[in-house]
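Each of the next two complexes has subunit A plus one other chain: subunit B in the first, subunit C in the second.
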Partner chain A sequence: MAEKPQPSANFSSLPVILLLTLFSLPLVLMYAYLFIDTISETPVGSLIPNEFTLRHWSFLWQTKTGKPNIWLVTLNTFIFASCITAVILTVASMAGYVLSRLNVPARGFFLAGVMVLHAFPSVTLIIAIFIVLQYIGLYNSLIGVILVKAAIDLPLGIWLMKGFYDTVPWEIEMAGIVDGASRFTVWRRLVLPQIKPAVMALGLFSFLTGWSEFILPQVLAPGAQVQVLSVYLASLIIDDNNFDFGTFKAVGVFYVVPVLILYVFFQKHLMNIYGGGTKG
Partner chain B sequence: MRTSRTLGLFMIAPASIMIFLFFLMPVVLTAIFAMTNMSTATGISGGAWQVTQAAVNRLKTDLPELADGIAEPRFIIDEEGLKELETLKLKPGFAAELRAEHMGEVYPSRREAERVIKALKDRPSTREVKQISDLFNRSVLNTRFETRDELMANLKKLGFDLTPQQQDIVARATYTGWIWTTDNFRIISSSPDMAQIFFNTAFYVSVTLLLFNVGYALFLALTTHYMQASTASVFRAIWLLPRITPVVIYVLLWKWLTWDSGFISTFMSQFGYPPKNYLLDTAYNAWFFVILINGFIGASMGMLVFSSAIKAIPQTQFHASEVDGASRLQQIRYIILPQLRWPILFVTCYQTLSLLASFNEILLSTRGGPGKATEVWSLAAFHTALNNYTGNLEYGLGAAMALVLVVVGIILSLIYLRIFRYDTLISKPLIED
Partner chain C sequence: MRILLDKFSKSFGSTKVIEDMNLEVASGEMLALLGPSGCGKSTTLFAVCGIHRPTSGRILFGDRDVTNLPSQERNVGVVFQSYALYPHMTVEENIGFPLMVKRAAAPDIKKQVAAIAALVHIDNLLDRRPSQLSGGQQQRVALARALIRRPDVLLLDEPLANLDAKLRLEMRSEIRRLQRETGITAILVTHDQVEAMSMCDRIAIMKSGEIVQIATPSAMYNDPRTSFVAGFLGNPPISFIKGTAFQGAFVSGDGHLKVPLAALSGISDDTPLTLGVRPEHFGTGGDIAVEGRIVFAETQGRENLYDVALPDGSVLRSIQPVRNDIKPGDQVRWMLGSDAAFIFAENGQRL
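What follows is the complex of A and B.
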């Protein structure tokens, strides 16, 4: 609304900008130092770095004693996030279509269930899930934690997918049916291509939440062979013997950069989902 | 597959199965585990019967005589021991005489058993006496019995004749597996620790919600509303950072800020304040930062929801108020806020639930410290069941605590469902088949 200049004082934006800049300062500082500290040395008691170094990045070519190899951990994280994305997209794109369009018994009940679960604090179930995974032998395996994480994020995915399908005009489907296609073909060939951008947004979102997830892998798959980056970094930080913020931040930057790249490129898509009701 | 009914059931099956396995079953299991005393000590599968020293101590109050008796070694001359003795290749006379003269005798102590063995005609050496007596040691102490009957049979063999009532007491004291109990709920409702945790949680949720998830989010939405679109998007991007940053890194940044060699300490030392850990030095500071850490994440969702709601307000209303000479505060008070009622309610409901369950940030930053100052309910459940210092993980008690959250969660989400009447969201399928 401030596109065209207005005479009224109501539309002067300077005071709010100043105010908000002040409030945003801690965040900006923290993120600026996140990057600065990884490539520099700062003398004790000072805030200004005085030396360039790559020492903090040595974790990339030197495996730390007692810690798994960083590339194995990165691969695990990638597998973890990709599998979650694949499961959520497949399952939610089918279930969302049913809830939006198909005539199945108890559709309303299911929709209500999805809506309740989407707000439901699922972390509270982690104790039961932990014991169940121990019983069935999926404790400390990537498969187990992938299934759990995908299931926990599923209600949101179904909910969003249902919303996306609701925007596709019925006429497309009717035309397909008239031409003799089955409902399945109509969905696969006609409806799904219509919501491609939305599917991509959900996919990105799922990938990012999978990439960032901490508590589920920490509890359900803490072993060295299946460790993901969040658990790896947390275990570095908690280890009192080697306290070195420079290294922590270097690992942190290594971990966060993919997230930031995706975020910068797909900000518009993601904003919709973050605002549309995610947890946290 | 040509009708929407069969296709629909087929397509919704995977989602149903996953939701059944990872939502409904865990809820039911949380309730079931909450009624047990499962812990690391009892294991999660069934247990066995074992007369450990701890079990003997437990028995001392009810059956003191039995407890003393059980703890002592017992020596019985039986067929089993004799067979083993025969295989030892000592003098065959030992076994033959013991079988003939002493079969079935029970000696309450090693001394008595050894006196008998020493008196054998073949005169075993001291070393042999010891060797032989070991074969007849039939103490139940620290022996594992897979069934209750096995334990009782062995006790009977040792000369303990127990009434069924006494048998029950012994069985209960010696069982190593988990049992059904409602103690967990008694602990939750009566322990002062739990009351403290409950107040911590109420404080944490209400303050964070009020100040940040709604209050500060509203502030962000309003201020960015009165900005150029491009400036606004910069600020929105900055304030979305806490949400998109993986939680471990995000908390690491705060740790760096508050650490005793971190930013605040270094900055304050310029003015002569000694460095200290601002995150953990006092309960007051710990709460301050815990709320900031969570609030900064929480603010972004409200910001986006409120921003899009403000954007949906017709521009003409703002122009009209301009003409009428309304100030910016008046615009906010009389135009924006009344139209944000539903988004605010939505965010409040939603964030209450997420705050109740979120313990990631507190776990990573203060771990509930200093002391137990910032321990909230979900974190306490996690600590009890999955991660504590003593090493005995109390799954049962933890599940009971989680069950409280589950029940609160279900109630709140049902209210949420009623507020946002979902029935208006279902449209009837237009293609009938």
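What follows is the complex of A and C.
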């Protein structure tokens, strides 16, 4: 919706803007230097860079010794985030519908269970999950960590989907049923399209959390072949004697760019998830 | 196709909504289920279309017992109060949905949709989405979608409640025309007595889960079985006066009004009674003079409606052709037609 900013008559906006600028300035500066430092050399103790260089970005075309290829890592991250999204969307869109609409036994128990699982801090489970994955041979594999991450994120997804299904009018389903459609067809053809904006939002949300996940891949899939970007990034500064902040920052920028692009294109959809399911 | 409800009961949890209801709708007939909110009329409708399972009793379409048949296999068309159109589909897809579900061939669907759209006069709107339609047009789409499968039964759940007054008038005759043209058996659920009387062959009037009376609109208007029925039908509504029986006549509370009625022979004196007089039976014509004071006058264009307060405080309504000689506060002496008045016992039963 295109809304024209109206000048507010009952208070002056200047002090507000001033205050906000003052408080955001450190943040803006940090972001600026995150980028500036990747393409320049700065003398020790100075803030002003004195030399332009692409040296820090060399990781893109040279594989560093002892590190996996950056493109393999990027591909891994992409697979990791996409698979999580696919699993969450599939399961949450069905489970949410069941919890919202079908009269299944122990529905209340499931609802409460989903809520509790959502509130459960996943880090506390990590040792147990590690042992389980090792036992069934999925340790150090993408599949293993994808399953774990998807399972941990599912309760939120299910709960959100349930909330969105709750807003779809019952009459649409009744109409579908008396029109002769099976319950599955009603869900697939009539109800699911009503919450498409929510599905879209949950998909983006899941992709972004997958993209930025660090702890689970670090613990459950640290191997070079299955490394994701966050783990790669951390490995750059893990060695106390030989760290390279320039490269670290460059990889950081490289890591965050896809996220920014997604935000630019889809921020409207992402807003939806916190909008309480009003029609998008 | 005939619809028969046989000892139909429905309860939700421990709340009994309908108990042992018997109802038969003849083939090709349009029947109104009329009643106030919460009387169980929508519950009955949803049981007929299979959304609610009856707690006990049977539902028959023709001779086929459909009590335990799921909605999908009943072949009913339903028009919901909110129309329940599918917002993401075009009008054409909406109407064609029941056929699509049956996996009919696409060209065949297109042909049938075109035919039914022409019948309800929306053939120029097929590419639009429901949100781009007016209320009346949405209503027509909902009707078309309900009719396209050639259902055995058409069910209408307060179909006119969401329309504005003018459209309501138009759709009233439109729905009746469609029902006549297709010869389909229909049940209309409504709380609006005007809708029920103008659209339907017969009316079943319901109160707290029970059918109080089933009759044709005019029979029900002229011969109500209880004071509830008499009060529900008619606009402006009937007025009631409390009183007692005395020597074969109705006597109002303070004795000012005395109406001898044949129905009261054999009723013992001092039995509490209620007299019902429709507004058109109180005015210039009649056999019993009633004195009172005008407390309220309302112009309706062609007619005027007057509220006349009797000395004991009860009020009689009168509807008369427009006249300008009377204003609120005036003392009048008008005539009451005793042969058209209804007399009810204390429990509401007509005598």
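Here are some notes:
Here is the rule we use: the second predicted complex is superposed on the first by the 258 of 280 C-alpha atoms of A that agree within 3 Å, B and C clash if a C-alpha of one lies under 4 Å from a C-alpha of the other, contacts with A are read in each partner's own complex, and residues count from 1 in each chain.
FYI, contacts are C-beta pairs under 8 Å (C-beta built on N, C-alpha and C of every residue); 3 or more make two chains touch, one makes a residue touch a chain.
Keep in mind that this is a model prediction, so the values were computed, not measured.
The superposition on subunit A brings subunit B alongside subunit C with room for both. Contacts of A:Phe214 after superposition: subunit B is touched, whereas subunit C is not reached. Of the two partner chains placed by superposition, only subunit B is touched by A:Ile131; subunit C is not. With both structures placed on the common chain, the touch criterion links A:Met174 to subunit B and to subunit C. Once the two complexes are overlaid on the shared chain, A:Leu89 sits clear of subunit B and of subunit C alike. In the superposed pair of complexes, A:Leu190 makes contact with subunit C only, with no contact to subunit B. Residue contacts after overlaying the shared chain place A:Lys249 against subunit B, while subunit C stays out of touching range. Residue contacts after overlaying the shared chain place A:Ala201 against neither subunit B nor subunit C.
Within the superposed three-chain model, A:Val145 lies out of touch with both subunit B and subunit C [touch as defined at top]. Draw one line from the C-alpha centre of subunit A to that of subunit B and another to that of subunit C; the angle between them is 120°, to the nearest 10. With both structures placed on the common chain, the touch criterion links A:Val73 to neither subunit B nor subunit C. Counting the residues of subunit A touched by each of subunit B and subunit C gives the higher count for B. The gap separating subunit B from subunit C in the superposed three-chain model is 5 Å, by closest C-alpha atoms.
Contacts of subunit A with subunit B, set against its contacts with subunit C after fitting on chain A, overlap at residues 174, 177, 182.
Partner subunit B is touched in their complex by these residues of subunit A: 1-3, 6, 8-11, 13, 16-17, 19-20, 24, 26-31, 33-34, 37, 44-47, 90-92, 94-95, 97-99, 101-105, 107-108, 110-117, 119-132, 134-135, 147-148, 150-152, 154-155, 158, 166, 170, 173-174, 177, 182-184, 187, 208, 211-212, 214-215, 219, 229-230, 233-234, 237, 245, 248-249, 252, 255-256, 259-260, 263, 267, 270-271, 274-275, 277-280.
For subunit A in complex with subunit C, the residues that touch the partner chain are 169, 171-172, 174-182, 185, 189-190, 193-194, 196.
Those residues of subunit C that touch subunit A in the shared complex are 46, 49-51, 70-72, 74, 76-78, 80-88, 97-98, 101-102, 145, 149. Contacts from subunit B toward subunit A in the complex involve residues 1-5, 7-9, 11-12, 14-16, 18-19, 21-23, 25-27, 29-30, 33, 38, 44-45, 220, 223-229, 231, 235-249, 252-257, 259, 261-263, 266-267, 269, 296-298, 300-301, 304-305, 307-308, 315, 318, 322, 326-328, 331, 346, 349-350, 353-354, 356-360, 363-364, 378, 381-382, 385-387, 395, 398-399, 402, 405-406, 409-410, 412-414, 416-417, 420, 422-423, 425-427, 429-433.
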